[in-house]
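Have a look at these structures, which come just after this line.
Shared between the two complexes below is chain A, which pairs with chain B and chain C, respectively.
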Partner chain A sequence: MRKILRNNHLSGWLLAAPLSLVLLCFLVLPIVMIVVVSFWGATEFSIYPAFQFDNYQFLFGSPVTYSVFLNTFKYAAITWVFTLLIGFTVAYFLAFHVRSLTWQIALFLLCTIPFWTSNIIRMISWIPFLGRNGLANSTLISWGVIDAPVEWLLFSDFSVILAFVHLYTLFMVVPIFNTMMRIDRSLIEAAYDNGASGFQTLTNVIIPLAKPGIMIGSIFVVTLVMGDFITVRFMSGSQSANVGRLISNDIALLQYPSAAATAVVLLATVLLIIAVLLRFVDIRKEL
Partner chain B sequence: MSAKRPRSFYILAGFFALFLLFLYGPTLTIAILSFQGPEGGLTFPMRGVSTHWFADLFRQQAVGDIWGSFSRSLVLGLMVMVTTIVVSVMGGLAFRKRFAGSTVIFYLVITSLVIPSILVSLGVGLIFSQSGLNVHWSTSGYGAQLTWTLPFGLLIMFAVFNRFDPSYEEAARDLGASAWQTIRHVVLPIIAPSLIGVALFGFTLSYDEFARTLLTSGSYNTLPLEIYGMTTNVTTPVIFALGTLTTIFSFLVIAVFLLAVWVQSRRRAQSGSDAGQGML
Partner chain C sequence: MTTGQDLELVSLTKRYGEALAVNRIDHHFRAGSYACLLGPSGCGKSTTLRMIAGHEAPTDGSIVLGGSDVSWMPPARRGTAMMFQNYALFPHLTVIDNVAFSLKMKGVEATVRRKKASAMLDLVDMVRYADRRPDQLSGGQQQRVALARALITNPQVLLLDEPLSALDPFLRIRMRAELKRLQRELGITFIHVTHSQDEALALSDEIVVMNNAVIEQAGPARNVFNRPRTEFVARFMGGHNVIALPQGHFAIRSDRVSLTAATQGRLDGQVTGVEYQGGHVLLTVRAAGDQEIAAIVPEDAYFDKPMQQGADVGLSWDDSALHPVAV
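The block that comes next holds the complex of A and B.
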């Protein structure tokens, strides 16, 4: 028995070796490197090894840092609310109102296909919609709702959030749909038989049982928005900032130590949020 | 089953239709606008209909090296796809053995999934530059992308093996199959349909990846980087034409994979094979 157990460990390690190797070289070591470099110093053109807290001092001493972090949380919170509401509704429709499995799979695939296409193209494709002479403005003018084109549709917080919701709602739909499909239908029948209304069934049966899916979706959406830099840069026309943009601006200026310090703080923030969210769900059980 | 549908069905169906319009509307719009006439701009109205901007894509000097970047993205996507399949299957098999340290690796996989992409890009870039290596899409870029595709591949494998009926393997072993024979002739055929899914994730996520390749691809751009470069200096519908073409390419790839799943399941149904069964 002991020999088998040891064997099991050995073959497990051998099978997991390639995975561990990739994670070590391209995840663990890069994180270690970022932490190390965050204590380094930088001149205008180069970086040099050191052990100083200048980068962190500058980061925490600057009021810009706080407003940018606040802005990042704001994007994450607003996007989370919208993706959750839309994602839950879509998943609920697919799981409980579409009756044949074939249709469920077909409509579900329709919701997920954009995930496998380019995010950048999907961002670009909002330009003809939201621009000054775009579809939204010309439609609103022709309806007589507004007299002059609205300027804040493109290159604003509005367009940033719109793009986030557009890109990331399917990260909510997929896990919520997945948990909803596993809800035992007889529980819902039981609720109806006991006189619950549709809404009561939703709040007392379906939402509690779909909570793991909601949590997994929330983890995806919050981390994707917190770590983003390209959507904010592109959709705000470089007018708004979030932490990711702070990092990428430093990188563009070759200020790697300062970028690394910001990255360490961002990583700590994201991992903290995940740790809190993971308290509500056991991921290994949900797969 | 054919009871009258409640009113909520129609409201939700309307909502769902709007959601699909929201998802696909913008993409359709740029598809239409990519057929702008030669005088046309980035928004409506259409000034004539032409394939002028698609033709532009085939003139090197007009748009830079998009075909070179396309072929690099294609090769990289295939490399990442094959690696993702092999490593995910091995990882999935490993996790069934509950070896010591598996929890650590599991949480590393989760970290790999949730870590902001720019950190991977920055960290890998720093390691290469500080150790005097050149960043290149096929080395540093390839590794950085694996940190994004492997978690998806592994999550699929976890889901598959959680529903896997071990009695098929036990039967094979009882009949004298070796460990490798059991995997080759029993396990792999059972999980084959999900491997198509892993392949789809591996290829498309790599083909479209931007942030993780940004600082790790070196002097030769992949297609998403090339497109991103175009957004800052190209103000003609040629960018819509490129966007439309690469989206069509993505759709074709997805269609091929879905077709493969469908053909496989049909073949099985016809030949009465029980491969692909054995899931609880």
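The block that comes next holds the complex of A and C.
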């Protein structure tokens, strides 16, 4: 018995076992289940185990799929651009312009305050603001900027992306701020000493060194937006669709095999995007 | 008289809120000299260097380089270059790109700047490592790269902020010889901040000793060591005793103090410590008035007549070895 326990190989496996079990039960098995169900068949009133490609055939054969995926990519791309610009600016301000640590922590906590309420509440609170007779429209009218209420403020792509940016910018701020705080301040002085302007320092020193943070933030934002369905439903007033909504509709109609097939395709797409992103930066080196 | 590219500090002052970091210092650095700013930590030497470099704005006074006031110019336009204490190499760039950084900022074409950077790396004997990253280099190699990066801007004054403090003692001695060689070859002014007396004595044409935000004493290394003007300088440079005599305070080098039989010398005392140091023996003597006086005796002289701890001895010296110091 003692001999067995002394075996390094075995004790290594034993140490890794609890986490592996948890991951197996709550991550691997559900995904395997989804993949399995995606090959099942369905009728109007029942689903039955099978191994057929009908769901995928239908999915790839329908023009709706392509337009919905395209719409999802559009949301992800536009949201990514805005969260990156805003997130980088905020992180830069916090890391390089706020001098005292106390203020840095205070302002950083301030950024997280919205997270004390739920996503959905934060999303819904935009509705009275953006509505036809909402705050934004009535203010603009009273200022004389517009004559009639602007229609595209709410239940449009604009409001969907606005909500996404609002919800997810912090996921960009945190990792970028984290990598920026680890940049040695003397590097910035060294760049200045070598004749770099503020902008040159930004592009030649700060951005390259903040890249891992930018990459991690991008992965957060892209996966969150790709997988979202509730924001799109609320903020577009059910007028736009993304892949998440496609899946949720199928589930509402009890079409589990078709929902599972869409989920598998979505999962593969997101993994592909992350793989491409990781090719640009080795984030493991930075963790 | 100001000639060539002399550097002059004119009542230079730096205040952080209420605290005075540098208090109205005036100094003239001759062109092409190796100067060391020497002092304990917090004496204002690093702040002075950073003001010369342009990384710290002076509260008052000015910095004049080659006849023109550079106090408010950006660092790169002053004709100075700085080598940072931790070298501050860009971790994401290769050695050659680090060295070529300032040329890239000026918009020099890639092939031209690589060629110039290569020549500069040759000067510090680092061409072999051109394509490595800083984290793949040893401390000494990183320092050479930092040196090359500073020198590629053709500075008239090179500012070094404790350049040797991150190296191990053996490497430190090798690198300081190298610094001196480079300075002689390039003929530009080096201003080197350090808290090590040995380093300052070994390198400097001129030592500037700072304490409490002011310059205590400045001059050629030999002058500062042999004729300290204040008690602080005498103690900080080391190898000196400061003795209170009825006529006032005097500094005397430890190796100029000799031991005699008790009551035969100028001061009486008791041996409190004997330390063998190889070539010589360091004796600590507690003399009248509770003064600790160190005497360095050649090894053979000591072992001709060894002494026990607690023995009564007399201390003697030549009057010419005494230098009056301010307390």
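Following the convention adopted for this analysis, the second predicted complex is superposed on the first by the 262 of 287 C-alpha atoms of A that agree within 3 Å, B and C clash if a C-alpha of one lies under 4 Å from a C-alpha of the other, contacts with A are read in each partner's own complex, and residues count from 1 in each chain.
Definition applied: contacts are C-beta pairs under 8 Å (C-beta built on N, C-alpha and C of every residue); 3 or more make two chains touch, one makes a residue touch a chain.
Predicted model, so just to flag it, every value in this text is computed and none were measured.
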**Request:** Using the touch definition from the top, say if A:V205 reaches chain B (first), chain C (second), both or neither.
**Result:** second
**Asked** With the two structures laid over each other on chain A, which partner does A:A268 touch: chain B (first), chain C (second), both, or neither?
**Response** neither
**Request:** Determine, under the contact definition given at the top, whether A:I105 touches first (chain B), second (chain C), both, or neither.
**Result:** neither
**Touched partner set for A:A196, first chain B, second chain C, both or neither** = second
**Request:** Considering only the touch criterion stated at the top, classify A:A50 as touching first (chain B), second (chain C), both, or neither.
**Result:** neither
**Message:** Quick one: is A:T117 in contact with chain B, with chain C, with both, or with neither? Answer first, second, both or neither.
**Reply:** first
**Request:** Please work out whether A:L70 is in contact with chain B alone, chain C alone, both, or neither, and reply first, second, both or neither.
**Result:** neither
**Dominant contact partner of chain A by residue count, chain C or chain B** = B
**Message:** Shared contact residues on chain A, chain B side and chain C side combined as an intersection?
**Reply:** none
**Item:** Residues of chain A defined as touching chain B within the complex
**Value:** 8-9, 11-16, 18-20, 22-23, 25-31, 33-34, 37, 86, 89-90, 92-94, 97, 99, 107, 109-111, 113-114, 116-122, 124-129, 131, 133-135, 138, 166, 169-170, 198, 219-220, 223, 226-230, 234, 244, 247-248, 251, 256, 259-260, 263, 266-267, 270-271, 274, 283-284, 287
**Fill in**
chain B residues touching chain A in their complex are 1, 5-6, 8-9, 12-13, 15-16, 19-20, 22-27, 29-30, 33, 42-44, 86-88, 90-91, 93-95, 97-102, 105-106, 108-120, 122-124, 126-127, 130, 143-144, 146-147, 150, 154-155, 158-159, 162, 179, 200-201, 204-205, 207-208, 210-211, 215, 224, 227-228, 231, 239-240, 243, 246-247, 250-251, 253-254, 258
**Prompt:** Which of the residues in chain C end up touching chain A in this complex?
**Reply:** 53-55, 74-77, 81-82, 84-86, 88-92, 101-102, 104-106, 149-150, 153
**Prompt:** Mind pulling up the chain A residues that touch chain C in the complex?
**Reply:** 184, 186-187, 189-197, 200, 204-205, 208-209
